[in-house]
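What follows is a set of structures to go through.
You will see chain A twice below: alongside chain B first, and alongside chain C after that.
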Partner chain A sequence: MLSFLIGLPILSAVAIAVLPKPMNGDNGRAIALLTMLIALIWSVLLGFKFDVGLTTLQFEENLSWLERLGLNYRLGLDGLALPLVVLNSLLTWIAIYSTDPEVTRPRLYYILILLLNAGVVGAFLAHNLLLFFLFYELELIPLYFLIAIWGGARRGYAATKFLIYTALSGILILVGFLGLVFLSGANSFEYDVTLAQTLPVSAQLILLSILLVAFGIKIPLVPFHTWLPDAHVEASTPVSVLLAGVLLKLGTYGLLRFGLGLFPEAWAIAARYLATWAVVSVLYGAFTAIAQKDMKKMVAYSSIAHMGYILLAAAAATPLSTLGTVFQMVSHGLISALLFLLVGVVYRKTGTRDIDVLRGLLNPERGLPLIGSLMIVGVMASAGIPGMMGFISEFMVFCGSFSVFPVQTLLCMVGTGLTAVYLLLLVNRSFFGRLPEQFAELPLVEWRDRIPSLILTLLIILWGLQPGWLAHWSETTLTALLVGQGELATPALIAPIDASTRSPAAL
Partner chain B sequence: MDQFLLQSCWWIPCYGLVGAVLTLPWSTGMVRRTGPRPAAYFNVLMTLVAFVHGMLAFQAVLGQEPKALILHWFKAADLDLSLALEISPVSLGAAQLVTGMSLLAQIFAIGYMEKDWALARFFALMGFFEAAMSGLALSDSLFLSYALLEMLTLSTYLLVGFWYAQPLVVTAARDAFLTKRVGDVLLLMGVVALANLAGSLNFPDLYEWSETAHLSPTVATLLGLALIAGPTGKCAQFPLHLWLDEAMEGPNPASILRNSVVVACGAYVLVKLQPILVLSPVASTVLVGLGTMTAIGASLVALAQIDIKRALAHSTSAYLGLVFIAVGTQWTNVAFYILFAHAIAKALLFMSTGAIIVTTSTQDITEMGGLWSRMPATTTAYLVGAAGLVGLLPLGGFWALREGINIYWYDSPWLVAILLLVNTLTAINLTRVFRLVFLGPPQMKTRRAPEVPWLMAVPLVSLSVTTLLVPLMLQQLYLLPDLDYINWVTVLLIALSGGIGCLIGANLRLSRVWVRPIQAPLKFVQDLLSYDFYVQRLYEVTVVWSVSTLSRLSAWFDRYVLDGFVNLVGFASILGGESLKYSISGQSQFYLLTILIGISVFGALLAFLTR
Partner chain C sequence: MTMVSSSNRMPSSHPLAELIYRLEEGGALLPDSPDNLLEVVGILKSYGHVLDAYWQNLIYIADHQFLELFPFFKYFNGEVSLGKLLRHWWHDRINYEFAEYCMKAMLYHGGGGLDAYLDTPEFAQQAQAAIAAKLKGNFLIAGIHRVFPDFLPEQVRQFCYYSALGQFWRVMSKMFLELSDRYDQGEIRTIPEVVQHIKQGLVEAADKPITYTVMIHGQAFDLLPAKAGLTFLMDTAVPYVEAVFFRSFPFMGTVSYNAQAQQIAAEPERFTYGALYADPLPVGGAGIPPTLLMQDMTHFLPDYLHDFYRKSLRGESDVRVQICVSFQKSMFCVTSAAILGLMPHPLDTEDPTKRAQNRQYLEGWMNRLLESRLPNVQLCRV
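Right, the complex of A and B next:
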């Protein structure tokens, strides 16, 4: 069942590679689209067959591989991974659909995107630490080429920076995993086995901090974030969509699964500092975004700010806030993908992303009115206007974290105010006002440019109005994840005065 | 039948939303052949349905106990969000006011926006606007109210920014959104805190909780301040008041709603929050303080405006200041009186203004004059609206003020003085505007000024009649005092304050060319008032400056310090490799030597560390 999700993209990548020459770009595109459509349907079907009451892994697959190393091919699906798997299939389909059909070297391009998809799905499904590491590294290679070949002017610099950073993150993950297994004396890298370890807290703290840096690079958290704006600015639109929508989620997923899940005691000690770190990340990302002139850079910095909320919620580790992390991951995935898609259309039609140059694009006759309207929707969703997904996920994050870290939560809320500032500046400067003469002859926006954004907009509104449809997938798993967290999670009814006497640093 | 009408109350906000969705084919330009008119008709129809439904439900609920209607929306972990609606005469009456005003404003808009190409988009936004407001009126849950306030923020942004090609509109829309957003985010902090403290966000549960809650004074104060921040932004109170003035760049039919019912929605939420605000004495004091400052300040500022819409908009802030005072002193019934009377009278004033603007194509009152004989219906509407607002004749505003003065008479006489002062200043302002616009010789732009077409005249006249009937409505709802209980001194005081205001306004020396007075102090005062006490300037050098400086600072830090360090590491390693490659000489002795030195250093280090 689950191997199909990994195997299908790899198989069609091989098919695109070996099919005879007359196969031009269009065929590659069609194959890739069809593959991802099947994968999407498959993952949604899995979602329907998924038993939401169970806390154990579902659709499990276990093949022994390198028994000696403790490396087994063990896959499983639970409520934490399921929404991300569906999101991954959806966004990959959208990325392929929004690719320019005249893309250069089409065969290589589609092969790489399919491999990227396979790597990410594998990482989400893997329940063996080494297997996770393998998929985590596998995903890196296609993305490096996607940025380095189809990127903008400084693509070499950006791609290398991305590669070095993420490779470093991979190595640190490996160090953390190896350390965990050696110190605990286990003979296997199975997730369940490592879960049962009882290491001293000091050892846990050291391993946790290694993993924090590793996943902090991927998420990214300030100060490990500088690869992200460069990578986004240089990457082409579909790659940006995947990068922001799915790949960053590997970091937060890893943090929850391997940080919170494996080292609960150490996590409880570190939580206070993690929450403060989240505040720094949120405010730093938001303030830096205000000063940006390049639309893509602005959205990239806003990603940094929004991923900070996930760290806050993970640090608080209450049932509500952990559910909030999943919501925030999905909502950020959809919203940032939407924003990047729209910025991509603007860039393709006008040739610039500079908000000091763009003006009046909402113009109904010669501008991009529908793209502009969708942009307003995306911006509002990102700023957390109710009725859309951004609001309910932020609300869950804040409500869940407030009882544990009142001050940090309030400071993070300032971040949502700042989100409104920079995104509104973006819309106001580039879409409002009078359309200048230089943009009077914009190329026509075709439906092909609009459909992906429309799909994302609908989903953002749908889940914003019916968040319960997403919540029931993840709730049981996440509550089970927190079993070791009893001492940290204070009941929601206890007043913040109480919290302050318990942890002086919190108030 | 009654039961069905009441149980289906939640449809009332949905009608507006459906209307908004129905306009999509026209507003996105998919249907072009028919022109945008059908979209407008759909919306008016839906609003009419909402109005009729509301009216029937209101008849049914009169004399009944308030009931709650709870729709479970989202339940996850320990968070249970339900959309609770209150079915009571007050909430249905408020919804009725909203849909009624919306209906009139929309009919007015068909005439006003006749030639606008984006008519469909305008009506979509109006439908959305109405849905959010009538939802607010019915809402019985702080969560739902918060969500709808945010919707209002969004739709205000879109409506103010309707003519987005004009530079002033762009800044106005931006300021409207950001100012309200500041209030909303603070309110969200309060909501999140309350959700954790009280465990539920439905108003009845919150009231119950607040009776027994023990909070430390700091927490209570912070909570109270956070909760009043949202309404402060919505009701355009100091320090979040500038947006309303700027928002007058938007289309007039939206201004009608904004100045009457939208600000009232903010105040309505405040009234709903009042039992919780009691927890914090500081919050109540702050409410009275903000209300007083805004009431007097905005009344004065209004006197110096030459834009007809802005002159009236500032007086909206002033009246909402009175509402804030009323809530701060725990007299919510006074708040309701003022809100009701003000909403109807101010809407009428703005409708009349809209008629003037569409005929003369200007908003500058110094360019107008002599309209009274040319536009009789509009003139009547203005006069009726002004009379309904000012306490002089026994219309809505008069009774609202009487109620307030009656209550404050013994407890806090200084509030009586404020009410009377605001009344006088408003009377001066309205008389001044009336003289400039309607009296005097006609000017260039008012020479050929026919009365407005029927689509605008019908709402104008019907609202005039409604304004005149307000005392009758109050009578019907048993809200007017018996003649025997009336304190004639207060009545006299109100009439006197209004009359003095009118007299001063009538005798004020007004110059149409608007040459500044020569005396320096007067000029200073005039500038101070017309530039809104330079508050905007103050914000520019404080809030805006600090945010932009901080953002530039962090961007600089990011680019040069953090990224600079990263690049330095990269550069250093490349440089290291580049320079070390010259050591590749091909002589094995050299390699051996290097290895030897390396191993010895490493060994020494290990020996040192493991000592």
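Right, the complex of A and C next:
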């Protein structure tokens, strides 16, 4: 069942590649859209069939591959991966839908997007360390080309920078995994096997540090973040949507699955430093966002700030805060995708993203009123206004983390206030006031430009009002993740679990 | 500045000299072009229908809602039904509020014989009599009237403006619809012919008396009696042009201002927020009067004008702004007619003194129009 999610986009990519031209000339888009629609329905169906009471892997698939290397094709789904798998299918569909139908070299473009989707979903489903690494690397290649071919003026620079950073991230992950297996004397890269290792704390700390840098590049955390604003600014809108919405989540997912999951003792020791690191990332991202004039760069820096919350919550490692990490991943995925889509429409219609030039775009007749209204909703969601998903996720993160790291949590909450500052600056400068003469003849916004943003907005509000629909998928898995390490962890880590647990039965 | 060589006209150093020459040669403030003609006639047809609804409501309010404490159904013209109420709430209706904005602009800026008459003892006496009749048996309001004796007379003055504006628009509505009929019959082919039609209409109605009699408990009160000698052109048309076309008010949403920083002139005569100065771009925004009028005109657009708008860059999505642009063009035609109608001497006079006076008169108007949208409508774009 899970292989279908990986195989379907790959098969469709092959089909687009090999079908003769008349069959796929303009049909590449249709094939890609249909593929992702099926994948989305499939992943939602998996969600319905998913037994929320189980702590074990579900829909497991295990094929031996290179046993001497310890590499097996082992897939499984748990409450941590499920929301991200659904998010990945949804945002890939949205990215394809919001792609300009007149895109140049359409065949290659849709093939790359489908391969990217396959790589990401594979990484979320892999339960073999080497397999995860393979998918993690696989996803870099299409993304590199998507930025390098369809990007802006400095696309070569941005794509190369992205590739160097994330390739380094991949190498470090490989080093970390190899080190873990060799040091523990295991003969397999199976996740379960490595989970049972009992390495000395010093070794754990070294390996954890390597993984932290590796995933810190991907998330990205300050000071490994500099590739992200460049990549976002140069990438086309659909690629930005995927980059912010899904690909950054590979970093936080890896951090939870392999950092917190595999090295609980070291994690407990490092936690306070991680929380402080989160504060630096949040505040740096927020303050830098305030200084930006380019809308896309502003949203990119806001991503850095918002991904910092996930590190804070992961560091605190209480049941509520870990649930907060999943919520923050999904919420940031939806909200940043929405903001990038809207910025993309503004750029396409006005030809600029400069907030010193844009003005009055909310003009009801000649501006972009619906896009502007959705932007205000997106800004409110991002700033954590109640009733929307941003609020629930930030509330869970802060509530869950406060008892463990009160100072760091409070400082991160300052970051939320700053979110309101820079995003309101963006909205106020670009959307309010009188529309200048130079924008008095803006082309019409079509429904094709609006539908993806409307879908995301509805989901942001829906899950903001009904967070339980998402929480029940992840709650059991995450509590088990913490309980599993509870026997090993220091009292400092155990205490908050007892104090603020939401599922007593799981303990 | 280019000079037209054929005539023996005096050169003008005015920044809008070209327009002065054009008016002197029988042209209009708006350049003559087929698109302009289509827009102006089309929009005046729609405006004619809207004015028809407005004047009927203004007269209804003046005659039947006189000093009503709670005029809940003043926009219903006496036909109150559940269906009409639901349509009103659904906003399937004419925005009569716009007519009241215009009425209040006239009341506020005053001018002409009507404004002067409302301050005379004769009017005060009639107004007091009408108030007394209306308040018979209403001790509460009668008591309040004793404490604040200026309040109700001011309300009565406002009702006089309701009636006067209604009477003015009754004439204008008919005139605009006739213009449209003549256009449809092929009699109107140029912008100067449009101006001529309006000027002719204004001149014909110039001496039409403006009167207002209100019936209270079967008794008639002549608030604006015929003997006051108020007439259409000088006591309603000219004050209307002054109040609505030129001065008006700075509506929030159309003009951004900081009144504390003295950004709004202290003297109403220096206001320049009227229809000839209005910025069409904010139209469509909620809560601003121009949106109300443009919205009303969307209901009565002739097909040819509707097609014209549909072919524009944004199609129908910015129809209110497009209507506003056309409407502003048409108002410059009405202004042209008013300017030409009030010329001190005939345009074709050979007397140099009279021609100099005409020139001085036109330059006076142009001074006021310097800051208006006149330069924009010359370019045939927003």
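The working rule: the second predicted complex is superposed on the first by the 480 of 507 C-alpha atoms of A that agree within 3 Å, B and C clash if a C-alpha of one lies under 4 Å from a C-alpha of the other, contacts with A are read in each partner's own complex, and residues count from 1 in each chain.
The working rule: contacts are C-beta pairs under 8 Å (C-beta built on N, C-alpha and C of every residue); 3 or more make two chains touch, one makes a residue touch a chain.
Source: prediction; values computed, not measured.
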* **Fit or clash - chain C, chain B, common chain A** => clash
* To do: Considering only the touch criterion stated at the top, classify A:287 as touching first (chain B), second (chain C), both, or neither.
  => first
* Scan A:15 for contacts with chain B and chain C and give back first, second, both or neither. => neither
* To do: Tell me which partner A:363 touches in the superposition: chain B (first), chain C (second), both or neither.
  => both
* Partner chain in contact with A:52 - chain B first, chain C second, else both or neither -> neither
* To do: For A:434, select first, second, both or neither according to whether it touches chain B, chain C, the two together, or no partner.
  => both
* Which partner does A:443 contact after superposing on A: first (chain B), second (chain C), both, neither? -> second
* Structure fact -> Chosen between chain B and chain C, the partner touching more chain A residues is B
* Single chain B stretch clashing with chain C - from 24-32, 60-68, 96-104 or 114-122 -> 114-122
* Which residues of chain A are in contact with chain B in one complex and with chain C in the other? -> 360, 363-364, 433-435
* Any idea which chain C residues touch chain A in the complex? -> 256, 279, 281-286, 313-315, 317-321, 382
* Residues of chain A that touch chain B when the two form their complex -> 161, 164, 223, 226, 284, 287-292, 318-320, 323, 360, 362-364, 369-370, 373, 376, 380, 383, 385-387, 391-392, 395-396, 398-400, 402-403, 406, 409-410, 413-414, 416-418, 420-421, 424-425, 428, 431-435, 467-468, 471, 475, 479, 492-493, 495-497
* Which of the residues in chain A end up touching chain C in this complex? -> 360, 363-366, 433-435, 437, 440-444
* Structure fact -> Given the complex, residues on chain B that touch chain A span 28-29, 73-79, 117-118, 146-148, 150-151, 153-154, 158, 161, 164-165, 167, 169-170, 173-174, 177-178, 181-182, 185, 188-189, 192-193, 195-197, 199, 215-216, 219, 547-548, 550-555, 558, 562-563, 566, 570
